[in-house]
Amino acid sequence: MHMSSIKVAVAGASGYAGGEVLRLLLGHPGVQIGAVTAGANAGESLGSLQPHLVPLADRILEETTTEVLAGHDVVFLALPHGQSAQYAAELGDDVVIIDCGADYRLTDAAVWEKFYGTPHAGSWPYGLPELPGNRAALTGARRIAVPGCYPTVSSLALAPAIAAGLADPGDLVVVAASGTSGAGKAAKTHLLGSEVMGSVSAYGVGGVHRHGPEIVQNLSRLTDEVVRVSFTPLLVPMPRGILATCTAPVVDGTTLDDLRAAYEKAYAEEPFVHLLPAGQWPATKAVHGSNSVHLQVALDEAAQRVVVIGAVDNLAKGTAGAAVQCMNLALGLPEATGLSTVGVAP
Amino acid sequence: MHMSSIKVAVAGASGYAGGEVLRLLLGHPGVQIGAVTAGANAGESLGSLQPHLVPLADRILEETTTEVLAGHDVVFLALPHGQSAQYAAELGDDVVIIDCGADYRLTDAAVWEKFYGTPHAGSWPYGLPELPGNRAALTGARRIAVPGCYPTVSSLALAPAIAAGLADPGDLVVVAASGTSGAGKAAKTHLLGSEVMGSVSAYGVGGVHRHGPEIVQNLSRLTDEVVRVSFTPLLVPMPRGILATCTAPVVDGTTLDDLRAAYEKAYAEEPFVHLLPAGQWPATKAVHGSNSVHLQVALDEAAQRVVVIGAVDNLAKGTAGAAVQCMNLALGLPEATGLSTVGVAP
Amino acid sequence: MHMSSIKVAVAGASGYAGGEVLRLLLGHPGVQIGAVTAGANAGESLGSLQPHLVPLADRILEETTTEVLAGHDVVFLALPHGQSAQYAAELGDDVVIIDCGADYRLTDAAVWEKFYGTPHAGSWPYGLPELPGNRAALTGARRIAVPGCYPTVSSLALAPAIAAGLADPGDLVVVAASGTSGAGKAAKTHLLGSEVMGSVSAYGVGGVHRHGPEIVQNLSRLTDEVVRVSFTPLLVPMPRGILATCTAPVVDGTTLDDLRAAYEKAYAEEPFVHLLPAGQWPATKAVHGSNSVHLQVALDEAAQRVVVIGAVDNLAKGTAGAAVQCMNLALGLPEATGLSTVGVAP
Amino acid sequence: MHMSSIKVAVAGASGYAGGEVLRLLLGHPGVQIGAVTAGANAGESLGSLQPHLVPLADRILEETTTEVLAGHDVVFLALPHGQSAQYAAELGDDVVIIDCGADYRLTDAAVWEKFYGTPHAGSWPYGLPELPGNRAALTGARRIAVPGCYPTVSSLALAPAIAAGLADPGDLVVVAASGTSGAGKAAKTHLLGSEVMGSVSAYGVGGVHRHGPEIVQNLSRLTDEVVRVSFTPLLVPMPRGILATCTAPVVDGTTLDDLRAAYEKAYAEEPFVHLLPAGQWPATKAVHGSNSVHLQVALDEAAQRVVVIGAVDNLAKGTAGAAVQCMNLALGLPEATGLSTVGVAP
């Protein structure tokens, strides 16, 4: 496919994920933005809802329908869970569909049904190319499930230690602090600025958050051992970004050098995953708006645990950046096209 | 001692801890505020440095010296580590000294020296009355070490499960997100608003933070087993508050009801520690400016861990509120005098 | 009336203004909190909606009705505009009604109707005792209209210069930056944390905000000249606080000393209005949670304008603090009972 | 000059302005980044100081000297005031020097000396191409003074009304709320996150801020009348962005349609200045990281003033974006090369 001829539609363009997909596509050299659609906001201008997308300000949001989405090379779905199957069925196999929602992330129907409470739609190639085996499945794919934001950073933070056999996957603890955009743009009292500014809170505690099994699924591919994770998400007062603190029992005799070597090796060829120099700790600000993941690893000898800190922009690499990265893979474009490792800071 | 006759001095009144001690003392019915002292800011007005303390705006900060601090019934030390021993020695045994710094918190000299790098000054009664045994030691005490902010909330969050034998203390994981005032008022680039707003970062990772051994010390008093904790502090974009996520392997057969019962029993008579109703999760905003600790407990059966979330105001109950609470105990006043359970929200 | 016998009801207790009234009443030595009511949230516990009000956590919100509100000495109304008249009519003249809403603030029916679009209910004594003439009208009153948050700080900031004839009231410009709680607790997309954090915006620009005519009304009482104000409110990323920048053309020959003298004289006896020392500028943080107003005045000789900066907590002195202050006046209690000049900072 | 051959140096690369210049240059298709220099931070890695600039992480900051800066086609100076003259003199006339500092902004030596207190260095073409006459002077220039951040947005907000004779320039009032990065990266207590979060404050009040005369200078070029401005800057709790509220007495008979027409005409051909649709108000979030200026205009008939709200990213279009835009003009490149109108939101 010639690069300048990629015609793209974005369904759910009034929300945060859809808006971020559009933001990144505006910087992609080969993309032509076609239909932009919404549900309740159909008929409104994109400028009134996403005023930062200046070149698209005059675009009017269309109703999300198969007819509107048809005729594009790539369709990004940034919809509430449960709506993707219909479009996948109706749009035909030639269209690349990249689902920013959860519908096709989990492979195990029982796990899906336990955590989402609806029938399992199936699973698509999982859009985290940096995990072993994934990139090949994504290359040329016509259906892609973009990972959840927490699983992206948590899996990348823990994978090298587990894959290298340096950490015990049976008692992982992940505490991940997220900016509020991860909770979406629907108006809810507990997400009001007055509520979230000056406050940190926990939610989805005790193994009930839907991203927990996704982390288990990712890491289980790397080991024959049982993977268990205690996952706690926190809501912190910032719009974007996730900082994940990921710990695992360390295998006896493992040194910090062993750990650093495993991470360096795992991500040496990855354009977007950066192990920081020793002594420097990730901060979400440094990845703001970028497709980068910043990692750092420590060994707590007294606690006999490895601690890995990972930072990601939940909307960029955590959602829309991964989606564009996957589009590039699906279309055979250079994987980093239109994506940046450079954050907007301070 | 008659309540209206308590003459109090605050050393380190230009900083955050000292300012908060003064704020609380202004609401204490029996206290007369005497000397307020500082180091580099001596000679300046309190109003220029702590403009929220309106009734003390015209007070001029004196140099911190034994002479200035002498002649008070109670002296609060809110000084950098290492300065308390001198005043303790020179002020005499009649004066109640309440040290908001770390100098007298740890009982084990080797641990102190490992984490602080200076000779051990000794240990004083530990100002966390809600832990078993502590209240009696604080009542009538003339020297009190105020706990660190992270150990306060982390210890209170984990103590009931460990004391009741419901959790294994050998593999605790604590990830605690703190507002920036915990890092003090000294001007440092990484604490600038431009750096911290919109960002979460980790620091002191891998078992090197000084509050780790303090948590171990507190919990070791409750069990014969070895206590190990992986402690990771996070810096989050808010001025005040700590939210601690504390997890422990659960002992086989433990139910959520068992856990809730243990917490309810442990804190039933405590005026400042509140187990929230099931389904409600702590947020730091709710304890802003108050002496309250909000707790909630969950059981993650898949991960086989208990997860306890605790919220505290690092400057209030986490430092200055505990200090005033301890003063009340030292002087035989009702323990909650001048302290409030009510937060300033939103 | 004996102080410990004041029975108080709060209507609208699930919102920000109602919650703040309750917070302050919990610190008032003579008040007994009776009914707490709500609309849509009736039947829920106060603890689930206002978790910072620990002593009231188990209270169940009742439906707001005249029957529920009857039988109290004082009723605070923190309701949407347009609901006060009914309760005022039905509750009887013995009950002190303090309306935190706008219904009875404006004296001019035509102005009311222009800005609110509904019939004028009338006007009650205006709860800003620091303006000339108001305190007498409030003392012993049975009906009180609590001022708007912007008019409180803007009027106090401009009144002395205008009353002293040092500034021309015909071309006032007020730009006031408010925290988000001023916009209430109803869930709206533009008030989400994701929208407001990291952003400043303007709203109600060009003379359409309802607080504009209230400022004009207040200042018109101080001068025979026509008062005109260009008022622009800003929404800034913090939960509480207003900083108002208020400018007026200076009358020829006026010096900064004249101005400072006017402000010092105007507020010399006021417990809650503080002219800061020369060189120190107000910050909203210093008044957080308090009933204080901080002012500073400058003379811009090149622009021939006086500039007054005022800081207030929009929920405290800007709403609920004023309401409690007025209750004290209505009941003949010392005006500052239960109120503090001390902010919660940092 | 062939685009891919532009060799650029950045002096002051450890600060916020220098970091932003580098961020933008990393997205500029023709630039090769040469020397990056600093003062006290010389010898450190850029990655440790600007971790968001991933592609430059391994660069070591050199000492800022003429020798280091020599040999580049373009030198950006992001230095403290007073240091530019030396490099301008020593680097030679072939080098394009773009000064992000103030040294060459003001044309009037007396005004410079009054506000800066040092001898006047002179003036260079003023890097705000959107004001009448400026673009021609910048095209092909070898020395360019980048405007101050406040004057950029304030001048653009007021210029059309004044140039069209619709507003009286003799009594302008500008209140501009800025994020903290405008105050730089030097560690100062009043800029700590603990101080700025949750607070708005004013500074430089009463005609003493250095950007006041720069606004006067810009607007004076558009009218024969005397320009007077009351300028008040506010510090608000966000890292980036300025929202300026700019008001002027309206000339009798002017309608809102007249005003909108003047703004539409003035900026119809400008790629970076956007008059928003009626009813939509600027927010700084929408321009975060972009080179856009968002404007909206209102007419307050009662106050007889026009009110213009302008939003800009103080570091991007307010400093570094303007600098890159000016580089493009200086080199004869398309003016928008490497710059984006798209903000990073939410």
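Remarks
The first chain written gets the first letter, and so on, giving A, B, C and D; residue counts start at 1 in each chain.
The rule is short, and it goes like this: a residue touches a chain if its C-beta (ideal position, glycine included) is under 8 Å from a C-beta of that chain, and two chains touch if they have at least 3 such contacts.
Just so it is clear, the model here is predicted, and its values are computed rather than measured.
Among the other chains, B has the CA centre that is most remote from the centre of subunit D. Taking shared numbers over all numbers used, the subunit A to subunit B interface scores over half, which places it in the same class. Between subunit A and subunit B, the centres computed from C-alpha atoms are 37 Å apart. Centroid to centroid, with C-alpha atoms defining each point, subunit B and subunit D lie 45 Å apart.
Counting partner chains per residue, subunit B has residues 16, 181, 185, 194-195, 197-198, 237-240, 283, 285-286, 288, 346 touching two or more of them. Across the interface of their complex, subunit B is touched by residues 16, 19, 23, 26-27, 45, 47-48, 50-55, 57, 181, 185, 197-198, 239-240, 274, 276-277, 280, 283, 285-290, 292, 294, 340-346 of subunit C. On subunit B, the positions that touch subunit D within their shared complex are 16, 179-181, 183, 185-189, 191-198, 237-239. If you check the complex, the residues on subunit D that touch subunit C are 171-173, 175, 177, 194-195, 197-203, 205-207, 212, 228-232, 234, 236-241, 243, 245, 247, 249, 281-286, 288, 296, 298-305, 307, 309, 311, 346.
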